[in-house]
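Below, chain A partners chain B and then partners chain C, in two separate complexes.
What follows is the complex of A and B.
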């Protein structure tokens, strides 16, 4: 029987490096392997023996795109361990800085990485040549997010101002005022973004996904809530390890996360949206409806619309938080470390990011576990490829490869989080 | 249009401190900071492309230092002039960023936002594993690149504007 293989050694427009291997025998799809080569647990080993308060800054270095997410999961896990509650304006500032990270990460993905797929451009550079005003809008939108992270995080790329118990320094109202001016523009630009991407052509592809995200009683989730799914899961983050399993997979050095039942699940904007639509800001809900999306969306290619709606929500929420802000008397609450275990999930731009730490009586980290969203989505991405590729088998090598890459990009995988150095190979022979 | 007289050189050292030789650009930037050059601004950067674009906006002369991987001998110094020749993208695949340094330069070109003067110093790395140490050859190359960049800055300062 004639067989062909698609091999892609370098995955374009995906954070990190990965390799995808696809084998086709005759007219049948025979194999799909998303490969991750590098051991994912180096940072966990690196954390052992360090002080509890070093975790936010060390883990922030895992990813240049979502350092705030790592800091947030780290500080919440430590605060969980030591019984610390961060509330009021400090809690709001954390939500604000998370808004900044969502805006910058999502704007990067929507404009620079994902949109070219739908517009028939090989990359954002070609898009910039043809439609410079569009790319400029994306860059300015991203900048609005960067500025929030710079002001609150102390630095744009590797923020250093977040600490266990709060912040090292909190801004004055007047320091936040210029952010509000730009955010008003950004909110309008985000609305335009939703309208723009809603017109893209989308393949007819829907799956019966298990979506998992945090859920908060009143808020679209960032830092807190219970872990819920559309299949009845509703647990405290303390029970994460009892409900999710990481499996070693022969073809990948990363671990594949599955539910205890063995089923893959879907994290990120699509999951948050499907599980928390009614908690989006009114302007975001309205934009979603105008874009033709109901409260449920099961087409992963439309994640670009959902991501744009989350940008809009984050701009709106950031403005609301800035308007209400009153500078707290102290930038942090006291923390008294003791021997304990701490758990946290927060919603990174790409989905739920789990941290678990065991601390000794001297405040030293004895054990750390970090499960990034991309490693949890990995098996789900493979499943999508198994379903998506068969209807494209007739296409030539380059087209099929591009289809595969696009299907992977739906998840905005950050492979530099999931491991560090992933090669993606798609083979067709 | 009158040319802005700006003798400042913006030096951007790129890398991740936890990925072995990927830290080369950052370490070169730190070495240059120690030299206390009069007319240079020195920044450490993760290498995410779109924010690089923002970082060099308005600068007249930019020098970028980054680790590269092109199967050359580790420690090899590549001196590149991206204004006249686009960077070979394969060389920068060691970057884990979706939108990398060569992308940033080409995007800037497409948007007419390239700085008037732009140089890239690439340091060939050996090991980009997370948590690994800097290779000896790369360590030597960092010292050499810092010296070369300092000479470049000094030459620009003494040249007529």
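What follows is the complex of A and C.
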């Protein structure tokens, strides 16, 4: 029997190092392995013995693309442990800085990493030679997000201003005003982005996914809420460990996360959208309908539309937050550490990010568990490839290889996160 | 007019968070201009197209933590005319160098159920411990303006202008009141390499040393200053044992406070 392999030794346009190995025997798909060879960095081990208030700055270094997500999950987990409530303008500033990270990370993925697949370019630089104004729009949109993070956080990557209890320094109203000017442009650009990506050619591919995300009674989720799914899961983040398990597989330096039932699940923009459509801002809902999407979307290739809708929502939400902002008297609320356990999930651009800490009476971290979105999506990505490849075996080798890469990029995987990554092998036998 | 070949740029990743190479994509206003002047020949985070080496300039992110990477860095050196390390991981081993102070096998069993599946070295080491490096750009993360300066300098055969003085000078330039003198806030600014623009003190917190040691830092004297402000020995161990823990002067200082 003839067999062949498709190999992608170093997956491009994803964050971190991974590869794909696909084995085809005759007309049957025999194996799919998304391998993550990004070297392990062992954060959970060296967090032991560090102070509770170092967790936001240390865990930010897990990922240069979404440091705010790590900082947010860390501070919320610590505040959960010590019974601290951060409300009012400080809570709103946290939502604002998260909007900045979503805009920056999503614009990077939509324009620089994912769109070139749909248009047949190897990268956005080549795309810019033919459509410079489009790529410029993407870069300026990304910049609008980065500027929020810079103003609130001090710099775009590994911001320095987030602390347990709030911030080290809070901005004045006049410091936020220039952001609003750029965000008004960005909101229009985001709307144009939704229209642009909605015209891309999409393969006919829908799956019956288990979507999981946070859900807040009246907001599109960022920092808090209950963990829900479209199959009836509805739990407090305290019960995360009772409902999800991590498996260690030989081909990956990232742990695979599955539901207790053993089923893989889907996190990120697609999950948030399907579970929280009615909580999107009206302008985002309207743009979604105009783009031909209903409240449900089960085609992962269309995640590029959903991601663009989330950019629009984040721009709109950021504008609303800036408009209502009144500078609080104090940049943070007092924190009194004691022996306790703390749990938090927040919505990173790529999906739910779980942190759990055990702190001793001196405020020292004794145990830490961090589950990033990509390790939770990893098994689901492999499942998509198991479903997608068999009906596309007639395609030529290079085409199929590229489509496999595209199917992986649907998830915007962040491999640096997941090991706490990607290389592609397709073997045809 | 004769055809002038554009210089070729490659970006390589070892153990890291991707943040330093992201700094290049974060140059939103300059990226397309840079791409006009140089050929981005090998940059997997940005492109699936790879142009074969050799490369005129290689930017290396990340530290060496696996036997495979300890081999791979030699291949990178062989295909690179100039090799510049970007960031604290590549320059000092990064935050993951905290393993260098502990038993790595114990570390692995904390994170992974089956540590036998994982290949790792007992230490996280900077690139310069493995191959000759032409220039080291500091920071966790690097400053994107400094990155553009370094790219421009190497392509124009001049020395990059990245001042080696301390963060203190940047506070003065920025007009920030000294947080240590005025507020008694412990700060690593006096021994930390400039480049960030002294952000932390401007946000009312002490510098935490993410750009690593400046040229000839007097860490001992600063430690005395911290103790006078009421810091404890363990505070000094943790402070010097951060994102540049394995940089020589920071490592020695943290060890001197460990009892």
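We take it that the second predicted complex is superposed on the first by the 415 of 429 C-alpha atoms of A that agree within 3 Å, B and C clash if a C-alpha of one lies under 4 Å from a C-alpha of the other, contacts with A are read in each partner's own complex, and residues count from 1 in each chain.
Just so it is clear, a residue touches a chain if its C-beta (ideal position, glycine included) is under 8 Å from a C-beta of that chain, and two chains touch if they have at least 3 such contacts.
Because the structure is predicted, anything quoted here is derived from the model rather than measured.
Aligning the two structures on chain A places chain B and chain C in a clash. Of the two partner chains, both chain B and chain C are touched by A:61. In the superposition on chain A, A:139 makes contact with both chain B and chain C. In the superposed model, A:119 lies in contact with neither chain B nor chain C. By the touch criterion defined above, A:339 reaches neither chain B nor chain C. Touch criterion not met for A:290: it reaches neither chain B nor chain C.
In the superposition on chain A, the chain among chain B and chain C reaching more residues of chain A is C.
Contact with neither chain B nor chain C is seen for A:30 once the two complexes are overlaid on the shared chain.
In the superposition on chain A, A:255 contacts chain C only, with no contact to chain B.
Of the residues of chain A, those at positions 10, 13-17, 38-39, 42-43, 45-46, 61-62, 64-65, 108, 112, 123-126, 128, 132, 135-136, 139, 142-143, 146, 156-158, 416, 420 touch chain B in one of the two structures and chain C in the other. Contact residues of chain A toward chain B in the complex are 10, 13-17, 38-39, 42-43, 45-46, 61-62, 64-65, 108, 112-113, 123-126, 128-129, 132, 135-136, 139, 142-143, 146, 156-158, 415-416, 419-421. Against chain A, the residues of chain C that register as touching in their complex are 13-23, 25-26, 28-29, 31-32, 35, 40, 44-49, 65-66, 68-69, 94-96, 98-99, 102, 104, 106-108, 110-114, 117-118, 120, 140-141, 196, 199-200, 202-205, 208, 210, 238, 243. Per the touch definition, chain B reaches chain A in the complex via residues 16-19, 44-51, 53-54, 93, 96-99, 103, 106-107, 110-111, 128-131. Considering their complex, residues 10-17, 37-46, 48, 50-51, 54, 57-58, 61-65, 67, 108, 112, 122-126, 128, 132, 135-136, 139-140, 142-143, 146, 154-158, 160-161, 163, 167-169, 246, 248-250, 253, 255, 331, 402, 405, 414, 416, 420 of chain A touch chain C.
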